[in-house]
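Got some structures for you, see below.
The following pair of complexes shares a single chain, subunit A, combined with subunit B in the former and subunit C in the latter.
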Partner chain A sequence: MKIALLGLGSVGRGVAEMVDKKDLGITITAVADSKSGYMDPAGVDIPSLLARKKKTGHCGDTGITVADIIKKATYDALVEVSPTNALTGEPSTEYIRAALGRKKHVVTSNKGPVSLAGKDLRALARKKGVAFRYEATVAGAIPVMHLLEHGLSGNEILSISGVLNGTCNYILTRMADEGLTYDQALLEAREMGYAEADPTYDVQGIDAAIKLVILTNAIWDTGKKLADVERTGIDLLTADALRLAEEDGCTIRLIAESCPKTHVLRVSPRILSKNHPLVVEGTLNALTLTTDMAKEITLIGRGAGSVETASAIIGDLLYIRDQYARRA
Partner chain B sequence: MKLEMRDSPGQLVAALKPISDVGGNIIAVIHQREPERDHDTLSVQIVLELPEGKRDKLIKLLKEQGVHVQRIGEKRLLFKRTVILIGHLMHTDLSDTVDRIDSTGFAEVSDLAMSMPAVNDRSSSRITIRAVSKKDMASAMTILRQVARQKSLLLVEPLEDTA
Partner chain C sequence: MKIALLGLGSVGRGVAEMVDKKDLGITITAVADSKSGYMDPAGVDIPSLLARKKKTGHCGDTGITVADIIKKATYDALVEVSPTNALTGEPSTEYIRAALGRKKHVVTSNKGPVSLAGKDLRALARKKGVAFRYEATVAGAIPVMHLLEHGLSGNEILSISGVLNGTCNYILTRMADEGLTYDQALLEAREMGYAEADPTYDVQGIDAAIKLVILTNAIWDTGKKLADVERTGIDLLTADALRLAEEDGCTIRLIAESCPKTHVLRVSPRILSKNHPLVVEGTLNALTLTTDMAKEITLIGRGAGSVETASAIIGDLLYIRDQYARRA
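Here is the complex of A and B:
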């Protein structure tokens, strides 16, 4: 299977490294970053690609654009791992549309296009007879989309709730365990590389809300948007609040919940008993699906990371290869 | 709660003192014929309110008084929910916040723990609310959410109900 890689940051590098290291039957035939592009229909030499990127900051030729790659390169699937634009989803949505238009499968970790134009993109893929998959957009390495589609097919999904932002979970864990103030814990999260310079997107629950929208629409196809989510962040929590919860055998976590029947679509800090399955430590993510037959199923795993996210992307790619090879 | 005893002479009077000793509050005394039992005796029911945790003490005192309690029916404030409120709790009149729940008559704040940070910092409190039914609890929570919004307080609610 030939893939074109759009973005060679943390996730793109993880994908390239695993494709190189493991015998997956995947070949990278094109790569682009923000300023350059590189194509080789016979397969890019990954070690020299990564070395070049590290040394020069460019993956290839500044004369080759992303548009060139999408339109001209030889590939079966586009792997879109460029930065998330939560407001417009661009330019990624256009990239994805163009690749689907060429009847190429698309796999992405980018929440922007999926949360804003997911319905359109799914419809376009269907029309073109190709796949559009986005396992990596929600809960990193946790294969929740695969579970929903396959393991739980035939179940009616009643509700979902979970911890979808590792940065917030890390901050709350540190506040609870060490009695740190919110500001101290945030600073620590930054030093550890878990929080961005501008943490707004994480700590105000926007990232969790976008993931909740993606999951909600994937399950119930209700066309929800970020603005539909009732959202409260963790930035006003105090160390005292965590201590008061602790005294009661509880703790506080940022929980995303969706339940169409009760019209709940919400991200908010909540009190949970310390032995509740959604109380996970550090940057972990957790997700409980409630269904009519299986009842509750809880998944816990890494919500981010270079290779962890690559795991979800590679899972999507190999699934597409198996599905479409069988059909062909 | 509801105490039920035979209406034999002296029993009722003997029951009254222990109730007031533990801080109980008698709401009603009901004499009742019990047709399925002995036709000539009456039973008496005392409906009362007891402070939290005084039930066992009362039963012990009643026994000492020789009162024979036939049945104890409890209608406790069954539903309990513990929330955390964060913000300028004192500036925004915490006792008024508590009052808004207590004054409903169907729910009450049964426990309140509070942090006292530096004067101008936001304070945090843990508040336990009790109500008789799920519906009353939901109404109490609606009121609390409104109060929190009015007073710009952050209300952290539990993810799950606890009975």
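Here is the complex of A and C:
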């Protein structure tokens, strides 16, 4: 299977490293970062590529653009992990549309295109007879999309609820365990590399809400948007609130919930008993699917990380190869 | 998709009820209990079938045997959920072999055939070009087999550990929460219908060990047997041991573990921190897969129940339909 890789940040590097290290039957035939591109239909030499990128900041030739790669490279699937604004979805949405238009499968870790244009992109993929997959956009390494498609396929999904933002979960864990204030825990999260300089996107629940929109639309084939999510962040939580919860054997977590039947689409801090399955520690993610037959299924795993996210992308790629080989 | 259903106990009834209630595109064309059989190539009327079974104790004609159904009925997949001895695997293994021999897909919830003859049966299925699936044998409604095949497909599985027996977990939960002795908690588990009159199979870790063997052989393609599992039950645990663990913020759970690299294949009571992901309450099951890319993925869900087990069987059936329709 030949892939074109757009983006050589943390996720792109993780994908390249795993493709190089493991015998997956995947070949990278083209790669682009924001400044340059490189194509080799026989397969890019990955160690040289990563060394070149590290040394020069470029992965290839500044004369080769992303558009060139999408149009001209030889590949079966586009792996779209380029730096993208999650609130506008660009430039990723444009890249994905172009590749699907060329009847190429697309796998992405970018939340913007899926939350904003997921329905359109799924329809375009169907029309072109190719796959559009985005396991990596929600809950990192946890293969929730695969589970919904297969293991639980006969089930009606009644509702979902989960911890979808590792930064908030880290802050809340530290506030509870060490009695830190929100500001102290945020500072620590920054020092650990878990929080951005501007933490708004995480701590106000925007990231969790975007992931909730992606899951909701994928499960119930709706067209929900970020603005439809009732959203409360963790930035106004006091150490006292957490202490009071702890005194009752409880704690506080930022929970994303969706239940179409009761019209709930919400991200908010919730008081949960400490033995509740969604009370996970540190930067972990967790997700409970409530279904008619299997009842509650909870998944816990890493929500971020270079190799962890690569796991989700590679799972999508191998799935596409398997499915379309059978069809062909 | 046409199925022949062998067994109308709790699981068989669950499958029949769900097939009747939900629009799954599945038709039951034959059914057998231990005393009788019934065939209708156009589709058995499920409400009449279940009413007849309830009233007479027979699902059909005492002149029709299981062997007749396997040989003569019109079906794509055999759903083998007949009462079977988990330690001998019979008569289930014989039924499965006969159906695979007829080039019929087989889905089972019976642990015996898979733990004792899984490798042979998988090979026979491959030779005949059909599927042999057994998601329901391990951890009930949790679709762990699907996850291993797809979502985590690029990953190397390094080890597994889990709570695979709901009866033991219920007893341990009650001992910890209420300070009950083992005997008191066992009595309660019996009254709740969670423990058999002879609890040996559960409390000595045999059930968990058989499930561990199934998972181990499925993941690493080995030929491990029940006798290869180092096994300690919960029947000698004292209320004091649990109290001491609780004083340290810990508790005790019966953990099944497999790690080929360190030659661990073990079921034993383990002291775990209360916020460990495998510390689940009551009759729940939980399973952690440790992998090279996704790292730890934990799954929590119901380990038993009529409809919950039907969920796993139906997931297997729909998967087979999907896969083989593509191939056909």
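A few points about this structure:
Basically, the second predicted complex is superposed on the first by the 327 of 328 C-alpha atoms of A that agree within 3 Å, B and C clash if a C-alpha of one lies under 4 Å from a C-alpha of the other, contacts with A are read in each partner's own complex, and residues count from 1 in each chain.
One rule holds in what follows: a contact is a pair of C-beta atoms (placed from the backbone, for glycine too) under 8 Å apart; a residue touches a chain by one contact, two chains touch by 3 or more.
Bear in mind that the values here come from a model prediction, so they are computed numbers and not experimental data.
In the superposed model, A:151 lies in contact with subunit C only, and not with subunit B. In the superposed model, A:319 makes contact with subunit C only, not with subunit B. Using the contact criterion defined above for the overlaid structures, shared-chain residue A:298 touches subunit C, although it does not reach subunit B.
In the superposition on chain A, contact of A:60 is made with neither subunit B nor subunit C.
Of the two partner chains, neither subunit B nor subunit C is touched by A:7. In the overlay built on the shared chain, the residue A:143 is in contact with subunit C alone; subunit B does not reach it. Once the two structures are superposed, subunit B and subunit C can be ranked by residues of subunit A touched, with C on top.
Contacts of subunit A with subunit B, set against its contacts with subunit C after fitting on chain A, share not one residue. The touching residues of subunit A, counted against subunit B in their complex, run 161, 232, 236-238, 240-241, 243-245, 247-248, 250, 252, 255, 268-273, 276, 278. Only residues 82-84, 86-87, 113, 115, 117, 122-126, 154, 156-160 of subunit B touch subunit A when the two sit together in their complex.
For subunit C in complex with subunit A, the touching residues are 18, 22, 24, 135, 141-143, 145-147, 150-156, 274-275, 277, 279-281, 291, 293-302, 305, 307-308, 310-312, 314-315, 317-319, 322-323, 326-327.
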